[in-house]
Each structure stands twice: as C-alpha cells, then as structure tokens.
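Please read the structure below before turning to the comments.
The chains carry the letters A, B, C and D, assigned in the order they are written, with residues numbered from 1 in each.
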Amino acid sequence: MEIPLLITAFCALLQVIPYYLNIPVIDAASGTMREWMLLVVNMAVFVGVISLGQVHGKRIQRKGENWPFSVVLIAFMVFMAIVGFPLENIGLGFKNNQYLFMFNNILNPLGGTMYSILAFFITSAAYRAFRARNWEAAFVLISGTIVVMSNAPLFTSSMPFLITWKNWIFDVPNTATGRGVMIGAALGAIALAVRTLMGIERGYLRGGGEE
Amino acid sequence: MIPMWELIGVWTAVLMTLAIYSFLYGENPWYRLAEHIFAGVSVGYAVAFNLDYLRDQWVNKWSLSGTLVLLYMIAIFFGILWYARFSKKYFFAYRWTLAIIVGTGIGMALRTVIFTQFLNQIMAQARLSLWVPGDLLQSFSNTMIAIMVPCVLLYFWFTGPARDRGPMKYIEKFARYTMMAGFGAAFGYTVLTRYSLFIGRAQFLLGITPNPPEARMAFYVIAAAILITLFAKDHLFKKT
Amino acid sequence: MSILEKMQNIDRRYIYLAAWIFVLFPLFFPLGLPVPIGRESVAWFDYIEAIPDDSVIIVSMDYGVSGMPELYPMTVATMHHLWTNCQANNWKIIVLAFWNQGPLVFDTLLTQIDPAADYNVVYGEDWVELGWVPGAETGMAALATDMWSQTPRDYLEDRPLTEYPIMAEILTADDIDLVISIETGTPGLPEWLRQWNDPFGVPFIVGCIGVSVPGMAPYLSSGQLTALLPGLTASGEYELLLNRPGLAVAGLDAVSMSHLLVVLLVVIGNVSYFASRGKEVS
Amino acid sequence: MAILQSGRLFGLACLLLIMAAVAYYIRAAKGGKVPKVRRVAGIDAIDEAIGRAVEMGKVIFCSHGIANLRGATSGPQTLAGLSVLSYVSKKAIASNARVIVPVRQPEVWPIAADIVETEYKLAGRADEFDQDDIRFLSNNQFGFSSNYMGLMMREKPGANIMIGAYWAESLQLAETGNRVGAFQIAGTAQTSQIPFFLVTSDYCLIGEEIYSAGAYLTQDAPLMASLAGQDVGRIIAVVLGGLGTLAYTVGIETLLDLFGM
C-alpha cells in the first residue's frame, strides 16, 4: 500500500520547496496547509476521550480495581467539557463561572504542584548522582555543585568567585556539549526523515493494510 | 470576608496541591484522587479548547470564501478518519490522515533543522577566535570550545573502521568528560528553577501575598488530615 | 550495616522531608541571609533608570500562571519602577501579552497595586492595558505594522482605543522606544527579535526564568538584548536596589536554604561513599 | 538568483548533501555493501531490560515521549520513539510479556496502537492484543506525567523504556521509575533534559543515538547503512567548524559569508 507514503512525500515537499525556492504560489499553499493541518489535528481530541472512556468504562462495569476513581475521572471530564463547551449564548464557554472555578482552583494548582514536585526529585537525584565514583561522575559532581552554590546568595556572598566559575562552566563545557549534541541530533533527524520518505523506517506506516 | 465560593475554591486548591505532594510519601488514595481528577479535568478542558478553536477558525477565516469552506469540509473529513482506528474494517484509513501530519512534520523539520541545529551552530564555531589579544582567559576558553565541540561530535561516530583507531580512544574520553561537566552544570542550574516553583507553592500554602490568606488554615487542616490517614493506613492496618 | 552504608541508600522520603523543612522554615521565620547584588540586576536597574524622557514602553506579559512563582516578583518590581517614574519622565506604558494567561497574571498584580492611588498615574493617558494578542509570532508581526489591528479595544475597560489619548500617537513599532518582555518560553525573545528588532530596531530587555538563561546568552553578546533579569535571585536583588523588599526577597532565604540542603546532601553522600569504600578496602 | 531564497543557499546545499549521502549508503546496502556499525550500549541494553522484566514476571512500560508528530525538532523524536516501540513490542510478544504504552497526544495514539497490534498480527496472535494497554492518559503535560507516575507505582514495571522528546516531566518519570526499581533506558534529543535521564536511568541514549536506535535494533542492512550517511554529515560539520575557527582567527571572514549565502 503506497498511498500513505505518497501523501507523506507530497506534504513534506510542499513545506520544503517554498522555503528554499522563491515560488510564491507554493509558499502560499504551504502556509494554508499548515493552518489547515491544525484543523485536522484538533479533530483528534476525541480519540483521547474515547480511549479513556473505553478503559475506564470497562473498569466501572466490571467493578475492577480502583473503579471509583474511574467514576471520578469520567465525571470530571464530562463536566469540564460541558461547562467549557463553546456555546456562549446559553452561558457555557470560557467565561462560565463553573469553568473558571475548575480552571483556577483545580487545573492550575494541579499543574503548578506537579511542576514544583520536581524540586524534591532533583534533590534526591542529586544526592545519588553527585558522587565521585569515577572520573566521569566526578566531573558531574564538581560542575554541578559549583553551579548549585553559585545560585544561592548564601554562598556567593562569601565566595563571589563562584559566579565567575559558573560563567566559565556555562560558556565553555556546557556550550560545547549543547552544540555538539545538537549538531549530531540534526544529522540523526535528517537521516530519519530520509528513511521515512524512502519508506524503510520501521514502526511508522510500516506495511499497511492487513498482514 | 471573602465570598463562600471563593473560600471553597481556596480549600479545593489547597487539597489538590497537598494531594499531589502526598505522592512523596508513596502512592496512596489521595494522590490517586488528584491524579484521576487531573486526567478528567485536563481532557475535558482539551475538548472545550479544541472545539472553541475549530469554531473560531470557522467564523473568522474558513467560512469567508467558497474554496475555504470546501477546504474546511475536507479537513473535517480527514479529521473524522482518525476514528477509523476504532473500526475493525476500515482501521487503516486513519493512515491517510496520519501521512498528512507526518509528511508536514518532516517537511517542517527539513526546513529548520539544517539552520537552527546545524548551520547556525557551525557558524558559532566559525566565530571563535583562538587568539583574543590581551585576553588570555577568553583565548583559552575559545580554544577549549574549538576542541570540545568536534570531540563531542566524533564521540557519536557510528560506522567504518576509522572509529576503532587509536586517537579515537582519547577523543572519546575527552568528549565524555566534556559532556559530563556540561550536563552537570545544566543539572545544577535547574535546581534553582525547580526550587523557585516549590517556594511559590509553599508561599501559596502559607497564604503569603499575593495568595489568598485563607489558604493557610486550609493548609494546616488538610495537611493534618492527609498525614494522619497516611500514617494510619501504613502503621495501624498493615500490621494486622 | 553501618550508618555510613545506610546513609548511602537512605529512603528518599527523608530527603523529601528535609526539603520541606528547609523551605518552610525560612518562610515562617525569615532569616535575613545576606544577598550580594549581581551585575545583571544592577544593569537592569540602571537601564530602567536611564530610559529617556517621553519614551513609549511596551511591557509584554509573556508567561502564564505556571511561571508566576519565578517571574511574578520581578513583574511587580518592574511595574513599580516604571510607574514611579512615569509622571516625572513622561513615559507612556503599554501592557500587553502574547501568552493568553498573561492578562490573568496582570489582574493579580492589579489586585495588589492600584496604579492611580499608589503612583498617581492615569489610565488611558500614562498607561494602558491592551490584553492578550493572539497568534504568537504572526500576531507580533501584525502588531508591528499596526498597533491597533490586533486589539481594537483595551483589556481593562473594554472601550475602543480611540477613546484613549495615549494611543493617539502610537501607530506602529516605529513609535515604540523599548520592549520589556517577561517570559518563560515560546513565543518569547527569538520571535520578538525577528519581528521587531530586525526590521524596526526596537531595543529589548528581558526578564526570564532560570532555565532560559543559557539560551539568552547569545542575544546578550550580540547586543540584540540589552539587559537580562534572570530568575528569582536576580529579582530579589532588584527589589533591594529599589528599596522595596517584596516577594522575591522573602523567597531568597528559602532559595539559600534549599541550595544549602542540596550541597549538604552531596557532601554527606560523598563522605559516606568514601568512608564505606575505605572500609571495604581495609 | 531570484528563484533561490537568499540566505538559505548554503543550508540547502548542506541538506541535499547529507540527504544524498544517506540515500547513497542505503542504496549501496541493498547491493550488499554494509558498513560496520559500532555497538551502542544503551540500545543493546533494551534486550536486557525486556529479559529482566520477563524473568521477574513484571510489565514493561514503553513511552515515545510527549511530543506530537508536527514539531520541527520534536516530531522526529516521536518517530524515533515509535520505532523503538515496534521493536520492544515484538520482543515482548515473543516472550509473553505485557507492554503498557502511556500516550499523551491523541494524534499519536492510533499509531502506537497500530504498531503494537501489527506486531501481534505478525506473530500470529492478533486476538491477544489488548487495546487498553495503549493507554491515553491526558493531553496535559503534567496530567500525563502524574498519571504515568501513579501507574508506575501501582504496576511496578520491571522495565521502563523512554525514547522521544521530553520536557520537565523527564525527571518525574525517571525518578519514579528508579523508585519502583525498574530497569530504565531513557533517551532524548532535548539537550536540557539529557542530564536528568543520565543520572536516573540505567542507560541513557544521548541526542542522535535515539534516531539510530530503530535502525540499529532491526539490524536491517539498509537501515544500518543510513548511519554511514550521518557520519558524512558529521565530517562536514567537523571540517567546516574547524576551518571556520582557523579562518576567523587569522582574520578571514570569507567562510562566514559563504555560510550566510
């Protein structure tokens, strides 16, 4: 089945060609294509809803493990979708009070707290990783500790040279690492693109149809 | 006094915050509750948000001319094909839609990757001067970067016999040390950002301005409730 | 198992508990640990002090609620600095946002500060809030050629821009003398530079979160970015320069303590590691 | 020159050169010329991870990151992760292990499901495929990660394989995997997140290694050969960078002008 592969190649070329060649017609088409694609992508949102519905619906039906939590999940999902539904003339949508309540008092605190929980994880990861087991680990330990100390006023007030050291670590090994890894990643991405366009990359669109 | 529903809001927010933090102790029903609420609310939010987007796009752009209307309809058609995956008979049809997305994605990558990740980085290398008059440190730093970057690049060398030749051993070792120092620095730097986030949450729990002061009482009460139930579950019931 | 070996594989929950204590304690009982003033915050302070009279300044809130812990304090301090000098220097301040939650953040600020009462500035004459400008980079491009096109009405009072004297002479990016962007990611400085600095030469100063700092360095050295206020520590220093200790200074003790904890743990980890290894060898 | 966009000429030349090199080696491999490829410890360890999970009778988590397929830098990483998923599920099916795939992007979910189902079909056991194991969690970054963490704590996987684009959640997932004692292989091309994978996982794939993982795992000659094309690009980068530095040091800026064409 070659159709998906042809579509892939066509869509890829549509984006690439006008970027390098000055052909206004194709450029306009590729711009429209990008906006158009967002519509298609937005339509996928119910895939998630259906998948969640199947998994948790089954669990509720069978009274499987943790099924009350599945009820909570489905209830909150449906409620949030309804109060936020873009029908402003019947009082729903983004300015609906229930919607704002859910957004400000549930979604935001949950997101913010999940983000901040990293402080604990980074501390315990540092405790285990910053240990001079060998030369490589010693490099991680030394540069990491210098940077940590240079960020705290407590240390820099008595050891201002830490900031100079940190700047050097950032400007030299950190820059060099970032640059080297980034160039390599570009090569990898290009090779992957070629393999995909040639239809030989495993995983994506492989085979197709019934096998 | 703040209105009742605002007070409820503050208590809810504190409950959500602490339920997530309870994960630090271990997986438990409080966390499970927050986790499932999070999934439900965020997916519901995504539904509302995406539908709003589709509606706005229709009103402000795609409904304005005949061609655009047709394109919008085609988009809806390909959008519906996503759901072919759930059909036993036509499941393969989603691959057409997918091909559009992947193809455009690869095209976008081929546009920018060569510049942002490849050429711009090489140009930055080409702006290094190994000898900066009067600035020994800068000269040294530039020289180090000029050596480190190719070493890191060569570290990933995959194929061919040249890979196993003598000098590569040293290059590889030097590249590892460079990367370890670089990654260590990035790690250390992130500590600050993560702690500022946690400090922000802690300030919220303690009701320090600009956060609502009512949060503090909620913090004490809910934290106590969560801690007591966690300990009770672990120490009273486990032993029997 | 000796204590040293136990320390090496300590239950991570004790580490989590220590982190709670090290952060909450200084928030309950401020320690007033010393804060050295770094060059970034001084540069930022000096830059704003030296903005010429009659300048038109855009303050762009390019972050959402999740960025508030780190960026909100510097936003308050910067607005304080701008509003304080607004009347004397005849600055015009336009507040807008390219992140859709930006106006929400600014709402929080306005619940704490009443510009009219605290600084004696007049809404619509000295400053105006345009609200969220959609479209990210394309929105920036559109705004640069026509300041009125994206937001025909203001955000705070929802009235047409024609009713505000401040907007009368502000039509394109050519009329803007400075952009202050406080930001967490994309859209952010690179997009701004492409649409505003390259074509119009508008100067930029940026306040950003710690993780973005390394990415900002090239713009700073190329001169496209004139001043950079990085993260919470620098915000605290800036508050001290303004003689207005606020949220960031309150948080700085906690920053110091938490970093002290990390360093202590690293020391303990290494000491116990080498001690127990020494034992094995003997 | 009107037809060519100015400022992009040199980039186009580099791009075409690298693409041609990759294509050339793939063709050559089809004719029997296969280059020798070095070992990559992290990729080799994937078999070990699966084996260990099977031995302990535990499930395997295999994630392809949280990005969609459209991002210029993140999309290819997702494809790389899906390639690895294809291999992992094939191996797992052969040894009767269960693979759970946590998904964040609705648009990626059908592909992940398709990949795993195809492996079951190829093994002739289509009826054993359980769609619920391709687990959509949430569109929200931290909604996804909180669920992933909860799932790991409950299911206690024997192996956790994460290849793709990750942001802040990298440490949340890797630290939790470490907490439950999973054998972890993690890789990403997001330079800011590599440090966290490096210190919390058993093996870490750095940058371009993730793109090669799919090719390397299959041991399929044309795929392996494409890695040689990458090396051509590598040499170009090293040479151009080196020449550039030397030229700039002695005050010649012709090369810079050339790059800017």
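Here is the rule we go by: a residue touches a chain if its C-beta (ideal position, glycine included) is under 8 Å from a C-beta of that chain, and two chains touch if they have at least 3 such contacts.
The model shown is predicted, which means the values in this text are computed figures rather than measured ones.
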So which chain is farthest from subunit B, going by the mean of the CA atoms in each chain?
C
What pair of chains is linked by the most C-beta contacts?
A-B
Whole-Å gap separating subunit A and subunit B, where each centre is the average of the chain's CA atoms:
4
Distance between subunit A and subunit C based on Cα centroids, please, to the nearest Å.
23
Using mean CA coordinates as chain centres, what's the subunit B-subunit C distance in Å?
20
Just curious, how far off is subunit D from subunit A if you go by their C-alpha centres, in Å?
14
Could you pull out the residues of subunit B that touch at least 2 other chains?
20, 23-24, 26, 32, 34-35, 38-39, 41-43, 45-46, 82, 85, 95, 98, 101-102, 104, 106, 108-111, 113-114, 117-118, 122, 124-125, 149-150, 153, 156, 179, 183-184, 186-187, 189-192, 195, 197-198, 200-201
At which residue positions does subunit D touch at least two other chains?
8, 11-12, 15, 68, 70, 73, 76, 79, 106-107, 109-111, 138-140, 142-143, 146, 191-192, 194, 196, 198-199, 206-209, 212, 227, 230, 233-234, 237
In subunit A, the residues touching two or more other chains are 19, 37, 41, 44-48, 52, 107-108, 110-112, 114-120, 122-124, 126, 128-130, 140-141, 145, 148, 151, 170-171, 174-175, 177-178, 181-187, 189-190, 193, 196, 204, 210
Which subunit A residues qualify as touching subunit B in the complex?
1, 3-5, 7-16, 19, 30, 32-50, 52, 66, 69-70, 72-86, 93-94, 99, 101-110, 112-120, 122-123, 126, 129-130, 135-137, 139-148, 151, 166, 168-187, 189-190, 193, 196-197, 204-205, 208-210
Subunit B contact footprint on subunit D (complex, rising order):
8, 10-12, 14-15, 35-38, 68-73, 75-76, 79, 106-107, 109-111, 113-114, 137-140, 142-143, 146-147, 149-150, 153-154, 191-192, 194-196, 198-199, 206-209, 212, 227-228, 230-231, 233-234, 237-238, 240-249, 255-256, 259-260
Can you list the residues on subunit B that touch subunit A in the complex?
5, 9-10, 12-14, 16-17, 20-21, 23-24, 32-55, 57, 61-62, 71-72, 75-76, 78-80, 82-83, 85-86, 92, 95-104, 106-111, 113-114, 117-118, 121-122, 124-125, 141, 144-145, 148-153, 155-156, 175-192, 194-195, 197-198, 200-201, 204
Quick one: in the complex, what on subunit C touches subunit A?
10, 12, 15-16, 18-19, 23, 33-36, 38, 65-66, 69, 210, 214, 217, 233, 236, 252, 255-263, 265-266, 268-270, 273-274
Note which residues of subunit A are touching subunit C in the complex, please.
108, 111-112, 115-116, 119-120, 123-124, 126-128, 130-133, 141, 145, 148-149, 151-157, 160, 163, 170-171, 174-175, 178
